[in-house]
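In the part that follows, the structures are each spelled out as structure tokens.
Two complexes, one shared chain (chain A), two partners (chain B, chain C).
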Partner chain A sequence: MEFLSPSTLEEALQARSAHPGGVPIAGGTDVMVELNFDRHRPEALIDLSRVPELAEYGPDGGYTRLGATVPYTAIVEHLAGRAPALARAARAVASPQIRNRGTVGGNLASASPAGDAHPPLLATGAVVEVASAAGRRRVPVREFYTSLRTTALRQDELVTAVLLPEPKGPQQFAKIGTRNAMVISVAAFSLALDAERRTVGTGLGSVAPTPVRAERAEEFLAAELDWEGATAPTEAVVRRFGELVAAAASPIDDQRGSAAYRRHALAVMARRALAWSVTDYRKGAT
Partner chain B sequence: MTATTARTLTGLSSTTADGVGASPRRPDGTLKATGEFAYSSDLWMEDMLWGATLRSPHPHARILGIDITGALKVPGVEAVLTHEDVPGAKRYGLEYRDQPVLAYGKVRYKGEPVAVVAADHPETARRAMERIRVDYEVLEPVGDARRAAHDPHCPLVHDEGGLPVREDYRQSGNRVRHQPIRTGGFTGAAGDTDRERRVLEELREQADAVVAAEYEVGMQDQAFLGPESGMAVPAEDGGVDLYIATQWLHVDQRQIAPALGLPEDKVRLTLAGVGGAFGAREDLSMQIHACMLALHTGKPVKFVYNREESFHGHVHRHPALMRFEHGARADGTLLYATLEIIVDGGAYASATPAVVGVASSLGIGPYEVPNVLVDAYGVYTTNPPCGAMRGFGAVQACFGYESQMDRLAEKLGLDPVELRIRNAMAQGSRIITGQEVDAPLPMAEMLRRARALPMPSERLERADPRTLPGGVSGTTRGEGVVRGVGYGVGLKNLCFSEGFDDYSTARVRLEAVAGEPVALVHTAAAEVGQGLVTVKGQIVRTELGVETVVVHPADTRVGSAGSSSASRQSYMTGGAVRQACAAVRAAVFALARGRGAVPEGTADADLSLTGGNLVSASAGVLAALADLLADGTVVEETREFHHRPTEMLDPTRGQGASHVQFGMCVHRAVVDVDTELGLVRVVALDAVQDVGRVLHPQQLAGQIQGGSTQGLGLALMEEIQVRDGEIVNPSFTDYLIPTILDTPPMRIDVLERPDPHAPYGLRGAGEPPTLSSTPAVVAAVRDATGRALARVPVRPEDILGIER
Partner chain C sequence: MRVSFNVNGADVTAEDVWPGESLLYVLRERLGLPGSKNACEQGECGSCTVYFDGVTACACMIAAGQAQGRRVRTVEGLSQGSERGGPRRLDDVQEAFVAAGAVQCGFCTPGLVVQAHDLVERTVGRGGPVPGDAEIREALAGNLCRCTGYGMIVDAVRLAAERRAASGSGA
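This part shows the complex of A and B:
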């Protein structure tokens, strides 16, 4: 197995195209597990941790540009204002050691439905920037996940950054785990209100083969919310929102939880996230 | 986050620094905290080979053939061995030799070792294993423990006639042991099912309240962090030196030597750095395999299991199915109790017979019950093998009987603590085997003390999310959260039971080095993290009055110390060290007399070794030890320490004084439950424990905190999930153990009511907290939710009433 250590993005993209069977590695929190358990023996590892451009974050037009290899710790410490839901999700990732290594770029590239970053990216309508030796392109995250652990990323491409829209309203993230820290999600939910466009975004994790949105729930809530007065939605609206979120899931029974529990938990998280958001919205609106 | 209130200890002052009752630092403490400690997985030799194990992919299958030729052709491979290459006995076992060194004929669990490889690199060994061809004829798994216990048509895991039968264990079919216990009205009816039923019906008639329920305990794992590992080095004399992380060097030696066809003195073991044990290292894992490969290749061979392999490489806590019935008078006085408990031992016996012995004898708990009927079964299945784990059969029963106490209290409208106090055992009580509790057992007082401990503060309106159910995952800001309180009590036997003479040996040497008296203490006792390494030094300092004590590495060059389990090492090896010290002291007195250092007419009772001197109570300092030993005299004594003898339980009524000592802990748990999401945070887990005498307060607190946390894990999250004989969560991603955010502050109230039979009056302390914390936590969750919760670990689905 070759170990390639490019020091510029250009070199990294060349390495990527020269080694179609190679695997990019940044924090290694997924890749090294696969290697250690002998589940995978790629022909090459392409180490992205020495590419400065990928490790940067900052404003980019109306977005915050988050380099693919920025670790979760940095998101928790520096992006809580510019990406509140993502920062909450980052805080809920694994242990401090893993948060120091793990990256949103890795979450996107491996596309595990349990990845904690996906629900906030979906809810907020983030954009994934990918690149190959031939050039860069942008893929809305809502079109990024194609099937189980498969994405719109092409064989010769790398995830280079995620573009996070400026928050235009309250954002929430919650996930279920059967212990109080360091747990892989059984179900996760993110909600983002966009008060300018009066739209609602959702993201659901660990409840379908890919991260998914609850589009009917989004449309329902966008129509029902009192965007002007920020009055609390009725009990019936809250309940219906929860049901529609749960209905968007197609969960399975596995060692972490049952499908029935996942649906139930989604509805509860959705109802609570809605209540918190309306409260926050009212505070922001007054 | 753990606030511990250790009681101020009196009467333990030591004239020598860092003696008994003090809290000297562990010699390995800093190394472990800084990551520099050498564990068994860190062993290294220049010319060593790496061992690897090919395991069965099926839980139950006939082996039709094994072809290793492809594996032998892989460059760098030096040996590929199967059962045909086992030089001696093909089977081994802790108590009962039923486990193949390498599978032959059949495989009986998924993950059973079939072949081993030695190669120049672990990767080479893995590639070689892929080239071993094993032809299997897959057989029907035997997965249902109840069926294995009772269905005569259930397929047999071990073919009839394949193994010797222990009549006193009532072995038959898939039953490894069946232990009945009959007391009171059931005594005369023992063995006659119809009469027993009539007795039970009569008792039911007399009872004002009857509670009957089924309970289930899932398969818990010891979850040590250091995987199975060690190194075997071939020796010039044809023997082998094995460096190994284990709990009992000599029982390993006793099993390894016959398999290798070597006398025991050719198989020498040295304890390597142990990364946790909790019972999981009582059985052999890679020991014989490493030795076989080392002897075959003539090179050192190292094994390190990976995490997934480790989950298949050691035994787990027996899962249990229990049916309880209790009848009581209106005032709460217990009238009768019945219990059927079936523990699933999996493919091989391991410690199953002894676990049944504990589960039966302590099955009803520390309660006075005049009429008892217990049937405890340990069975073979093709599930993962189960054996020793902290609490050893008493944990499972404790969850059941404590749940029953709460049910009964509810039915009678009594306070659960009052009900327990009303039926509490005390010194002079007899447990259901007829054995008298002949040492202090202040159970009622302990319950009252637990109840009187200060309650944690109420939940804050804007609480830190880390203090709420769901923790950092942010699922609640207080919505749906309800608080609950619950209690648990457990009774645990300490030291080995049922006629087992688990003696310990200690060698203590006293000499002068560079003008200072120095003691060396040498035992084979395994330091597995529990802190015996410190306690041995403390005892020597106290007994010999010297400050410098060197603890010799544990190996088989000294006699057996017995196992680091059953909460027994402070008692047994502590007792042996103390006895060896007494012998050294007597020899020093004799030496001093020979040199005229002791005035005529001074009795030994008047002499002591204190502060590096030989001291007379009447005449003061007689001589400095360094001077007495200055000529190079070495005083060395070796002693074996035996606890008082115990008896087997009789096989029909289960009577007999089978236990050495009893330990007890009482827990009070306070929990916050998110009743809409089924998530739990334990807010407080407070303990009252009588330890007889505290040897090392800090390590004692660690034992109680650790045991309590392990019990919390069983209550809320720890389970090896088995589907069709296969472990579906063999990783720390999916086998969850409590983190610091799951572990609450603990108030610990320690009592010291000495046991007159034990060294220093001490009582083994490691296991009792593991029993009582589980039912206390579950009781608190029941209190918060109103759910019956008859199974641990409690899952969110159970709290919400969702089918799973």
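This part shows the complex of A and C:
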């Protein structure tokens, strides 16, 4: 096995195309588990932790550009205003030690249906920037997850950044697990209201082979919300929204929870996220 | 491969490192620093917690090569004095663990001490208030202990923070 330490993005992309059997490593919190248990022996590790461009974040047009290797802790501490739902999700990941190392780039490339970054990225319509030695391209996150643990990322590509749209209304994230910390979600839900376009975004985690949206729930709520007066939606609307969110799931029974429980939990989280969001909206908060 | 970095203030080099091994393995098996414990090797238990370039991390989740040129501080680096013969002085957090009876089998203790040290530094160490129990528990959420039930560990961390605040140095 080789250990490659590129110090520029160009070198990293060259290493990626030169070693099709190589594995990129950022925070290592997924990769090292595989290596420690000898589940996988790649021909090379390509360390992304010394590539400065991947570790930066800042404004970029109408977006906040989040470099692929920025750790969760930095998102919690510095991006709560620019990416509220993602910051809430980052705070719900694992433990402080894991948050100090784990990255959104790694979460996207692993594409576990339980990854906590996915629901907020879906709900807010984020864009994934990927690159190979041949050039860069942008993939809307809503087209990024293709099937179980599979993404639009090609063999010779790296995730370079995620482009986070400027928030235009309240954003929420909720996660259910067996305890409050250090837990892979049983189900997760994110909601983002866009008061300018009067649209609703959702993202659901751990309830289908890939992270998914609840598009019918989004359309329903966009039509029912009182965007002018911000009056509280009726109980019937809140209940229907929860039902439509749960209906978008195709969960399985596993050791973390049953399919029926996951649907129930989703509906509860959706109703709560809606109530919190309407309260925030009324206060004029984003 | 060869990996050189700084541990507890000293520049060290490990030879014949397998590229897939962890920083934890290098510390324990190649550098003779067994303070960081190996329990789960999957980031779950926190018993391998070290400072890595100033932030706490599980050494089992860091590839050896990622440590090249970095600064690592292990539990061995918290106490002062030692090898050169002078009296060894435990860190305040270690003293508080002893005083509060927060140690039973002791396997989780090194990781907890490093993680608690970081909490104390980031709160009272920077002139902030003594962290409340909820904040202490959240900071220690990634450190498992199978013996104590955590009550005395939380007491120890609170005591360390209170002593630090009372000493008033902030340094």
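Throughout what follows, the second predicted complex is superposed on the first by the 284 of 286 C-alpha atoms of A that agree within 3 Å, B and C clash if a C-alpha of one lies under 4 Å from a C-alpha of the other, contacts with A are read in each partner's own complex, and residues count from 1 in each chain.
Basically, a residue touches a chain if its C-beta (ideal position, glycine included) is under 8 Å from a C-beta of that chain, and two chains touch if they have at least 3 such contacts.
Every value quoted in this text rests on a predicted model; they were computed, and no experiment measured them.
Q: Which partner does A:E157 contact after superposing on A: first (chain B), second (chain C), both, neither?
A: neither
Q: If we overlay the two complexes on their shared chain A, which of chain B and chain C does A:W276 touch? Say first, second, both or neither.
A: In the superposition, A:W276 touches chain B alone.
Q: Quick one: is A:I98 in contact with chain B, with chain C, with both, or with neither? Answer first, second, both or neither.
A: Second partner only.
Q: Classify the contacts of A:Y261 with the two partner chains as first (chain B alone), second (chain C alone), both, or neither.
A: Only chain B is touched by A:Y261; chain C is not.
Q: For A:D47, decide between first (touching chain B), second (touching chain C), both and neither.
A: second
Q: Which of the two partners, first being chain B and second being chain C, lies in contact with A:R88: first, second, both, or neither?
A: Only chain B; A:R88 stays clear of chain C.
Q: Return first, second, both or neither, reflecting whether A:F173 touches chain B, chain C, both chains, or no partner chain.
A: first
Q: Classify the contacts of A:E243 with the two partner chains as first (chain B alone), second (chain C alone), both, or neither.
A: Once the two structures are laid over each other on A, A:E243 reaches no partner at all.
Q: Classify the contacts of A:I184 with the two partner chains as first (chain B alone), second (chain C alone), both, or neither.
A: So A:I184 only meets chain B here.
Q: Shared contact residues on chain A, chain B side and chain C side combined as an intersection?
A: Overlap of chain B and chain C footprints on chain A: residues 36-37, 180-182.
Q: Enumerate the contact residues on chain A facing chain C in the complex.
A: Within the complex, chain A touches chain C at residues 1-3, 5, 25, 27-29, 31-33, 35-37, 41-42, 44-45, 47, 49, 73, 94-98, 100-101, 180-182.
Q: Show me the residue ranges of chain A that touch chain B in the complex, using the header's touch definition.
A: Residues 36-38, 88, 91-92, 173-185, 253-258, 260-261, 264-265, 268-269, 272, 275-276.
Q: Which residues, counting only chain C, touch chain A once they are in their complex?
A: Residues of chain C touching chain A: 1, 18-22, 41-44, 46, 49, 52, 55-58, 60-66, 68, 115, 138-139, 141-143.
Q: Which stretch or stretches of chain B touch chain A in the complex?
A: Of all residues in chain B, those touching chain A are 126, 306, 308, 466, 469-477, 479-480, 676-679, 681, 716-717, 721, 728-729, 733-734, 736, 738-742, 795-797, 800, 802-804.
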